[in-house]
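Heads up, the next two complexes both have chain A, just with different partners, chain B and then chain C.
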Partner chain A sequence: MNFIGIQKLENLLLVSVPRDLIDDEVIRLRRDILKAIRLYKTQIVLLDFSQVDISDSFFGRFIYSTSQMTQLMGAKIILSGLQDAVIETMVELGMTLPEVDAVLDLDDALELSRQLATEQQIEIEDGADDVTKQGKT
Partner chain B sequence: MSDGYETKIKQLEAAQKRAETIAEINAALSLIQNDEDILEAIGPFVEQFGVELYSISYAEDIQEDGKPGTLHTVAIRNGAGEKIPLESLPQVRFPLAQFPLNNLAFATPNQPLFVEDGMTDPRTEDGDSRSILTALGINGFVVLPLQTSSIARGLISFNWSQPQTFPQEMRDILTAIQPTLAAIVASRQAQIQMMEKDKADRDKLEKLVEERTAALQDELQRSAQLQQEVIDAQKQALLELSTPIIPIMDRIIIMPIIGTVDTQRARDITRALLRGISDYRAQIVIVDVTGVPLVDTNVADHLNRTIQAARLKGAHTILTGISDAVAETVVDLGIDWSDLETLRDMQTGLVAALRRLGIRMVRSG
Partner chain C sequence: MAESKHFRIQDALDVLKARREGMQIAAMLGFSHADATKIAVVISELGRNIVNYAGTGTITVLTREDDKGKSVKIIADDKGPGIEDIDHVMLGGNSTSGGLGLGLSGSKRLMDEFHIRSSSGSGTTVTTTKWIR
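Up next is the complex of A and B:
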């Protein structure tokens, strides 16, 4: 399946949000992201906004709703490259997304995703340990 | 003998009367103010011969040979001496090509043209002169061409609807006043020309004044703009001074806030901070509020927004410099800063930042 602007990279889903999206395209992009998460069983979604230089309330809602939906599907979301003007609009609208990680650029985003992956691995290993322990007892 | 004597006396009386009439007309002509006055001056004399329409026209489009191309009627009266408004005429400009009769008048410009019966006079045989006369309802007419220094100045015409017999007295007097009329019209035209030139000069002067005024206003506007630019530049400089960003270590920046924080200032601070985070790739921002004298709900709200914006940019904010007085007001006002990392001074803030980045400082030796 081919999604425009969405790429799978190891356990990451890399979404580079294009500039000048019209409202319909925003909705389609959100659906594509959710489809891709299910298809690739992705654990971390990386939304890169470095190309987006203006934002309206609809776009702000898009960021907010996408993060909520992604979390509902059990994936972690990382926002990267939000530009100053976009941030100002979002803060004005009160969309501060407290549960979402935001980073400066793709470098930081990859570093954070690796960190998150290690944490998850540790969790799984811990869990496996528990299972073996349980098996032993 | 006695007959001859009486005839002589009559002739003398007639000559005296003629001289008096000419003197009267000349006296009236010497007082003229406008075109109407010229008709006024000769009116009483010609009206006694039952003239039905008389008018004065000026020559326009003077040709190379000094003859007029067009005649422009400037005043017209009826037999009772009443002024006829020019607006009521079908036309006031008559090209000579269309009215060959006027050409006839300028063929002998130094003497009046007397036509007693336009329908039988041999001089009106040319072209369609007679049909024009019929159309205008003119039969007998006199035209006084006015010409000085071989240049046509205009003409005065007198019209009758019926054939006339012009008495010798009238012919003599009209012939006698023709040069005077020509001179008066010529001087009047010169006067009009001069007035027009004066007006043109005045207009030119006014235009010059206007241009200079506009240029001065432009200059004024430009200088005002320049002043505004200087003010803006200073404002910008002041803004940068009031929102300094200090990169203290790799990926850590410090932003001390000094003075009161209002809405505009808060926006400037947010923008400066966001740019600083990009510029220095900061992960930790230490916002120091030691220099903020008063923290109320507004200031707290502004600071919250700034911190949220920084978080969306991927930077964690540590708020330092909370004095005991500020801590007291914040709690008294019910402001919830529990999810913020707040510390008392910058040293502790820096230590917290280093710990967060996993950097440990070791004293050597």
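Up next is the complex of A and C:
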């Protein structure tokens, strides 16, 4: 399967959100993200907005809904690369975003993603310990 | 000094073109990048309303430079069904088109002056201005 702007990188799905999408393309991108999460069994989705310089209320809704849908598929979402002017405009426009991790750029995003992966690994190992302990007692 | 640029709005691509050019016009006049971005977003919101609710319309971007300062005025005009309850729409949070319902109320917050004239059956005209601070 080929998804435009979506690629698997390490343990995450990197979505490079293009600038100037029309509404139909925004909805298609959101569906492709969900399909790709399932296909690659991804647990972390990184939405990179560094190419986006205009974000109106429809686009804000895309960020909001994609974050919620991704979380409902059991994946964590990280937003990266939102430009200063975009952030200022979105907040003044009155947009609210769900609780998500946001980072400045892709470097920070990769670092956070590795950190999240390590935490998940520790949780899995802890879980395994618990099972062993329970078995012994 | 005053200049104007007129955009015919019929579909989503017309809106993208108008907001991109509007942003450039604002930047050329001397608006900061952040304020030019806000102007682009307002054009996007008003343009989307035209496409979704009226089908076709126009957006005019007027720049003005006089002793009072520099400003960009956006006029969005359509002959669509109009808005029945403007006060309700301006409160925000009541989208019927998949947005956040912030189109008009949010646009007002991004600009300095905002006027809307509409009546059921005779279309809508939004006139909104932003000044360089």
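The criterion applied here is as follows: the second predicted complex is superposed on the first by the 132 of 137 C-alpha atoms of A that agree within 3 Å, B and C clash if a C-alpha of one lies under 4 Å from a C-alpha of the other, contacts with A are read in each partner's own complex, and residues count from 1 in each chain.
The criterion applied here is as follows: a contact is a pair of C-beta atoms (placed from the backbone, for glycine too) under 8 Å apart; a residue touches a chain by one contact, two chains touch by 3 or more.
Note that this is a predicted model, so its numbers are computed, not measured.
Participant: Once the two structures are overlaid on chain A, check if chain B and chain C clash or fit side by side.
Facilitator: Once chain A is superposed (C-alpha atoms), there is room for both chain B and chain C without a clash.
Participant: Touching A:60, do we find chain B (first), chain C (second), both, or neither?
Facilitator: After superposing on A, A:60 lies in contact with chain C but is clear of chain B.
Participant: Looking at the overlay, what does A:82 touch: chain B (first), chain C (second), both, or neither?
Facilitator: The first partner, chain B, only.
Participant: In the superposed arrangement, which partner chain does A:91 touch: chain B (first), chain C (second), both, or neither?
Facilitator: It touches chain B, and chain C stays clear.
Participant: Using the touch definition from the top, say if A:72 reaches chain B (first), chain C (second), both or neither.
Facilitator: neither
Participant: Roughly what angle, nearest 10 degrees, sits at the C-alpha centre of chain A between those of chain B and chain C?
Facilitator: Angle at the centre of chain A: 20 degrees.
Participant: In the overlay, answer first, second, both or neither for which of chain B and chain C A:102 touches.
Facilitator: first
Participant: Residues of chain A touched by chain B versus by chain C: which partner has the larger set?
Facilitator: C
Participant: Between chain B and chain C, what is the tightest CA to CA spacing in Å in the combined model?
Facilitator: Between chain B and chain C, the minimum C-alpha distance equals 7 Å.
Participant: Taking the two structures together, which residues of chain A meet both chain B and chain C?
Facilitator: 84, 88
Participant: Can you name the residues of chain B that touch chain A in the complex?
Facilitator: 267, 270-271, 274-275, 277-278, 281-283, 305, 308-309, 311-315
Participant: Across the complex, what residues on chain A touch chain B?
Facilitator: For this pair, the touching residues of chain A are 79-80, 82, 84, 87-88, 90-91, 96-97, 102-105, 108.
Participant: Which residues of chain A touch chain C in their complex?
Facilitator: 20, 22-24, 53-58, 60-61, 64, 84-86, 88-89, 92-95
Participant: Would you pull the chain C residues touching chain A in the complex into a rising list?
Facilitator: Contacts found on chain C: 12-13, 15-16, 19-20, 23, 33-34, 36-38, 40-41, 44-45, 48, 92, 95, 98-103, 105-107, 109-110.
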